[in-house]
Amino acid sequence: MDFLKRFAKRLGFTLLTILAMSILIFFLVEIMPGDVAQTVLGQSATEESVAALRDRMGLDDPLHQRYLRWAGGFIRGDLGESLYMRGVQINTIFWRKVGHSVVLAFTALLFYVPLSILFGVFAGVKEGKAPDAIISFIGLATMALPEFVSGIILITVFAVGLEILPIASIIPIGENLWQNLDILVLPALSITFVMFGYVSRMQRSSMVSVMKADYIRAAILKGMPRKYVIFRHALKNALLPTITIIGMNMGWLFGGLIVVETLFGFPGLGSLTMSAIKTRDIPLIEACVLFITFIFVFATFITDMLYAFLNPRIRYKRGDV
Amino acid sequence: MNTYLLQLKRSPRAIAGLTILLLWIIAALIGPSLLPYTYTGMDMNNQMVGPGEAGHLLGTDALGRDVFSRIIYGSRSILTIALLTSLLSSIAGIIIGFTAGYFGGIVDTIFLRIMDILMAIPPLVLAMVVLGILGNSTIVGLTIIVSITYTPATARVARGALLTCKSSEYVDAARIRGESHLYIMFVEILPNTIGPVIVEITARFAYSIMMIASLGFLGVGLQPPTPDWGMMVIENKSLIRAAPWTVLYPSLAIASLVIAISLFSDFVSKVMINED
Amino acid sequence: MKTEPVLEIKDLDVSYHTLTDTVVALKGVSLAVGKNEALGIIGESGCGKSTLFYAIMDYLPVTASRSGQILFKGDDLAQKTPKEMTKYRGSKIAMVYQNPYSSLNPSLTIGFQLEEVSMFHHGMSRKDARQAAVETLSDLHLGDAAGIVRRYPHQISGGMQQRICIAMALLCKPDLMILDEPTTALDVTTEAVILDIIQELKDKYNMSLIYISHDIGVVNKVSDRIAVMYRSEVVEFGNQRTIYKKPEHPYTRALINCMPRAGVLKENTQLNTIPGYVSRRSAAEIGCPFVARCEKKNATCEEKYGMVERKPGHFAACDRAYATDIPDKVLAKEKGAIPEGSEPEHKTILKIDNLYRYYGPHGKRIRALDGVDLTLDRNSVLGVVGESGCGKSTMGHTVSGLMRPTRGKIIFDGTDISVSWRKRSPETLRDIQLIFQNPGRSLNPSFTIENIIGRPMLKLLGIKSKQERRKRIVDILKKVDLGEEYLYRRPKQLSGGEMQRAAVARAFSIAPNLLVCDEPTSALDASVQASVLNLLVDLQKDSGAAYIFISHDLNVINYLSDYIMVMYLGRICEYGMKTEVAGSPRHPYTEALLSAVPDVDPSLKRGEIRLQGAPPNPTKKIKGCPFAGRCHRKVGSVCDTTPPPRVNFSDTHFAYCHISPEVLNAEISVKGIEGIEAAADEEVI
Amino acid sequence: MKKSIMLCAVFLLAATMVFAGGAQETEEKMTIRVAEQVPNLITPGVWDGQAFSLNGSIYDYLIEMDAHTGELVPSLATEWSSPEGKVWTIKLRKGVKFHDGSDFTSADVKYTLERTQDPDLGHLKAQDFENLDKIETPDDHTVVITLKEAAPTFNFIFTDYNMAILSSDYDYASKGESAPMGTGPFKLEKLVPKESALLVKNSEYWAEGLPKAEELRIYFVPDIDSSVSLLEAGQVDIVPQISPIIKKRLESMDGFKVVSPYQESRFIALADDREPFSDNRVRLAFKYTMDPEILAKACQGTLGETIFYNETPIVNALAQYKEIPFRGRDIDKAKELLAEAGYPDGLKVDFFYASDHPYGSDIAQTLKELSAPAGIELNLKGFPRDIYLSQHWMNGPALLTGWGVRVDPSMLLMLAYHSEGPWNESHIDNPRVDELIDKIRGEVDPEVRQTYYDELQQIFHEEGTVINLQVPYLVGVSDAVSDYRQPLTMLPQLEYTTIK
């Protein structure tokens, strides 16, 4: 079936992109100015102690050798030793934080995907009328706010004003995220603002174009009531492009994650990346950035497959009867 | 040209967007010279005074600097960067997108692969990693880095616009006249892709403002004391309870500028797209 | 009218209100359709025929205003609310649209879209509905009905999709079926099959029909009575035969004279053209809509204007079609027979032999051109005709240099040009010009006409001075009767016909020796097409250039060409002089093609040859004759195994067929384009 | 279909309301909860001085300082003596055990001291201990240290935060970051690097009745505002290193108080080895543009109370401090001096600082504003702290660096102001200053030593290369906390602290 062939081709291509990504990130981080060992040992380190550390960390090996060792480790899930905190394996802190970020991202998705589809469809159906104008304007306005601006507005209203939600997202020691779900609400809402604006506008325009299609006119003139035509005929075709849009926007979602986690101090992958960059902890930076791109590329791949699966034109080959 | 003005008159949202944008541009051009305070002047007796007090329209920040003049001056740097970025990335995007789209074949597939890879890293992360290491940079540095992260997106749009024109018959007609590739690309096709390209430039303008503000917020914006709206927000974040105006007004400034541009670019896309 | 009308429209007005002005779409339209009667509606684009059926179905956009009565079996649809209309839509009045593919929902199975009609209107269960659907499909001669029901729209061919749409309309047993140009997007042979089916179903379910089209030939095949519309008004309404034989309204007469049809050849008649163009109608305009372009207008046209019953059952808004006080401007040339021996002197300019062109990767190679050879003389027209996918456009593109042939030789005026345009010498580039099908896309929208036409002069003729170029442009524009003011206009400001004439001007501005026309008039209305065809004929007289004229419309080919080549699946079926191929076709496919051609004269009868199925998949290698699968005179298994030999009927006329020449010659039937003269003029009802 | 979407949206909103309440913590054991900055390295020796409460509670020191009186009090060392400062005899406390059960003996002290000279460790106190000649351990509880040159105040070095006493047979190189182990009042129970640490009471601690609390929870929070909101939400009791703005807010609310145990220094170093500050007239001109009042306000403090200004490296809390009145801001004098030095129309100079270090960017921007009228245009170059330390510190014309407090000023002078000092950031090369520093280190008699200090401070005032702005180290504490002690050694003594 050509669907499987397409699946295999796309999967291969996605893995290729990830490989190319890892090479790009590795060299991008490597060429950064400043001597890593010098930074670790601090300003007082003597020349020979710096040289000793460089040797121990294999910083002087040829570049490709170091890349292979690092990539090998990454595949096995061992992200190597944190340069900054000697003796601390990146794994211990990395995967917990990734877990938190995935939960936050998922909550944001849970908020904005149904909402933007609901409003997008509603605005599309009522094209040109009052609700359409209102929803489009709201969409435009929220899309224009960077995450931290909407975050600050949310903080002033909910955390400072009404004081019903925590201003900072901290997990007390010994507890885990699931016992403190309230720290998820404000960060997720800040991301929802931007994503809602973008996706609802896309959903609206896709709904509008589907409503103008010939087969909708044919269905109505077949005597089918308008509501039935909207749900059974229009919705299925209108939702297809939205899947790809959500997939493509994962990049924005992760960009937004970093900003929001910094604003709320949320212990996720975003704030870990920020502190990694600040402390120039090279292996940690590489791990974080590569993981973000891995999720992003994988998400696009999944949405591609979902689109191909749900779209009969692609799923079934053109068989002549 | 008058058809555009006619349509403009009929869409209130576009007018609102345009007026706010023009206000900001005027503020950026002549604002700083009219202000009573310089953006770095420290009035240490009036630290963190509220809006309207002691002659400060929007109050002062922790160092006693006038928030209003810092915002006005900040508009100058953010507008210049955003303008330069959207122009730079669009021009680069057109050149790359056109060559790839026009010649097709391997050139095109290589281009697409590279674009996929570059687009795989969220632009904010890419810019942050580079800026984070180089430390606070100047307007030129920020512009170059943000333009590089946006070029893949504009290149893709330019390529799309070219492909729609390339398949039409007037290009075939030009080919069998023996016209050169450059002539076909930039004399025959370019004028017809102006619509989507202009739409892309205005959209990119709005996105780059958001990006620059976010980078400032993450602490990798402009070198102090040049006011950078994003930096102003993060610097005064700890005052959110004591002096909320120091955080709120820069945020509202960012919001108003970005919304204004989005409204206008929304209008431009409506006019441009259904025109050709 | 014999029976009580199923649908009666009285004084229907529809106008669209844009922000700046209001445009009239329908003005005072009155029509009636009897039970089991087929009403054809003819009109060029922009005459309001589509608005008519939207008005009937109350599916007008929100900016439209509608007034007048639409009586369907007595009750007035105009007063119905949208909710009540749902009872009428689909169950009492059903629709069939122009492009079948886009009228079917791509992500729902065909079965579902058929069942929902009967489930909704007749309250059937899904199982019964599916059963009804399968039965109706077999009515439409669709083979594996059970299989089709499970498939998606993109998995079946164009003709098949249109039958599904008709089945969908039939499923609710409507009293009235409205068809809006249902076959325009289909091939001639498929169109003939669909038209037969419609005719058959009309009688079987004794439905009444409204058939809307711009092509008189197609309408003749189906309708009993015909209404002619022009600029939002019905100008003539009457029996099918009298409309053709004795039209009352000058527009109807002019429209019929514009169309190439049996017996009309470039040698003996110049197509009648209607000067000017269709302008939008503002609310203020009164009187006859055709007055601006009518050659027979006189003082009475304003006041005495209105629909009058000129003859029993024949209404017209004017009766000056044959008025003699103003002489006819366009007179048919003396109708001499084509002198037998006077073939144009042989001076071959183009020779193609063994031309192949394949597309796509090795595995799935599409054989667009599968071994074509021909010769073309200077100052002559080669008409290339065939259905879609037969490779005619590919042939045009390889000759004009857009594409490089995969194998084979193209010799032009002695030089080998079987290479793409990049490697051709400037002289060759100047000598061969191409005119495209879609006028709107062949002129660069952001250029003025002056630099569109001027550019080839500068590039290929090297005329540096602007004044010199402008002078030449002006007089070439005059030749295509476009005024000097067109120099500074952009393509968007021109009508379809004007754009195509500008394209022709561009081609002729550098005096080419060979002009390849790829279906130049199929996107144009009849009257506009006529002006372009006349232009091509005149320009050939003084330039002496050779034409390769590609089209799927046999009437146009028959009118214009000297030689005709019939192609099927990338190969030549039959080649010969026009009189030979169109006059007395030999190859079974040419016969089938000719019999399927809808003709303007309703009385003309043609053979009833209908081809079943669709052309085979182009990617498969064909050993025998490509037409074997569908041939109605298939000799036997030899047709499938061995490629048909070349059979010569005269030194210019040959075909590739296994049927022996004797049998072919013996059976020269009168199946030619002239058709069988109607036995006697049936009395005009 | 549309109904199902509506349902899902309603469910979502309901879910968030339910969680808004958050789970309340219930515990009965007395627990001290501290919100610290996120530390980089915590292994003693390379520990760059963040998260003091963690190491302060895990490790013990030979000598500690009384938080109230400031005198040195015996800790692991019961007594220490040196007749002329060259040979030091230290008696060690008996019966002390490490958390892993091993005994505390003189071998551990010998290991800790010799570890400072370990080449590939890069110990921060390596220079201070170059003076070591040999270390003898006559018995398990006595250590005799012989120095190359006499150092009467050598004993102060043992109070430094990096001189935590380590067990000789514990592998700190690999476990120092993930499982620190010492003799201190609290034992490490669980450490999640960069996130949190749980310490429990060391039941066999050598001081009876200590520590008072059962448990010590430490959260590592990257963002100071988040820590403060935890304090206000009652989820933590102690938040060190808060900014003066937060101090103002906390004091305005009841239930909280702000403690200021000691002062940190912000040294503005004017490089003596390169243009333009190599010329003392330019240095003086820069000093004449200073305005301590404005600088204090920039740091949200008030001059003389929380913020102090002088032009010598000696912190005013120390006995050796000599009060020298401020020369006054005089722009014309500054211009005059600049003209004399060959800069009639002003000059442009790069100013490097750590942009994310407390007070850093505020002070930098204020200095630029103050010096501008005199024609000195500071080109501010801010970098994240670690890039600043690794690439720009020690090699810029003008630097702003944060320095911790040293109980014995001679240690600081040796490190930063002796011409061969390893951290001589201003590249000062003044023979008289070198001579005075050597004399101070060798002089046994305090009065004579003080005369050298006075002369040194006068030289720094007139031609020094440093401007010292002392800023308060502030700790936010909730009222539930009693007896929070943090002496000049910067190590909080949480063993005394109790929670109501």
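Every chain is named by a letter (A, B, C and D) in the order it is written, and numbering of its residues begins at 1.
In this section, contacts are C-beta pairs under 8 Å (C-beta built on N, C-alpha and C of every residue); 3 or more make two chains touch, one makes a residue touch a chain.
None of these values were measured; they are calculated from a predicted model.
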Based on C-beta pairs in contact, work out which chain pair has the most and send it over. A-D
With centres defined as the mean C-alpha position, give me the chain C-chain D separation in Å. 91
Separation of mean Cα positions, chain D and chain B [Å, integer]: 43
Return the distance between the CA-based centres of chain A and chain B, expressed in whole Å. 22
Approximate Å spacing (C-alpha centroids) for the pair chain A, chain C: 53
Touching two or more other chains in chain B are residues 132-133, 237, 240-241
Residue list for chain D, restricted to those that touch at least two other chains: 225, 356, 384, 387
Touching two or more other chains in chain C are residues none
What chain pairs are in touch here? A-B, A-C, A-D, B-C, B-D
Chain A touches which residues of chain B in the complex? 13, 113, 116-117, 119-125, 128-130, 132-134, 206, 210, 213-214, 217-218, 230, 233-234, 237, 240-241, 244, 247-248, 251-252, 254-255, 258-259, 261-263, 266
Contact residues on chain B for chain D in the complex? 40-42, 44, 47-48, 62-64, 132-133, 135-136, 219, 223-225, 235, 237-242
For chain C, which residues are in contact with chain A within the complex? 57, 59, 82, 86-91, 94-95, 97, 99, 102-108, 116-117, 120-121, 143-144, 147-148, 151-152, 154-157, 160, 165, 168, 172, 614, 617
Seen from chain B, its contact residues with chain C in the complex are 10, 168-170, 172-179, 188, 191-192, 194, 276
Could you pull out which chain D residues touch chain B in their complex? 224-225, 228, 243, 245-246, 248-249, 293-294, 297-298, 300, 355-356, 361-362, 364-366, 368-369, 380-384, 387
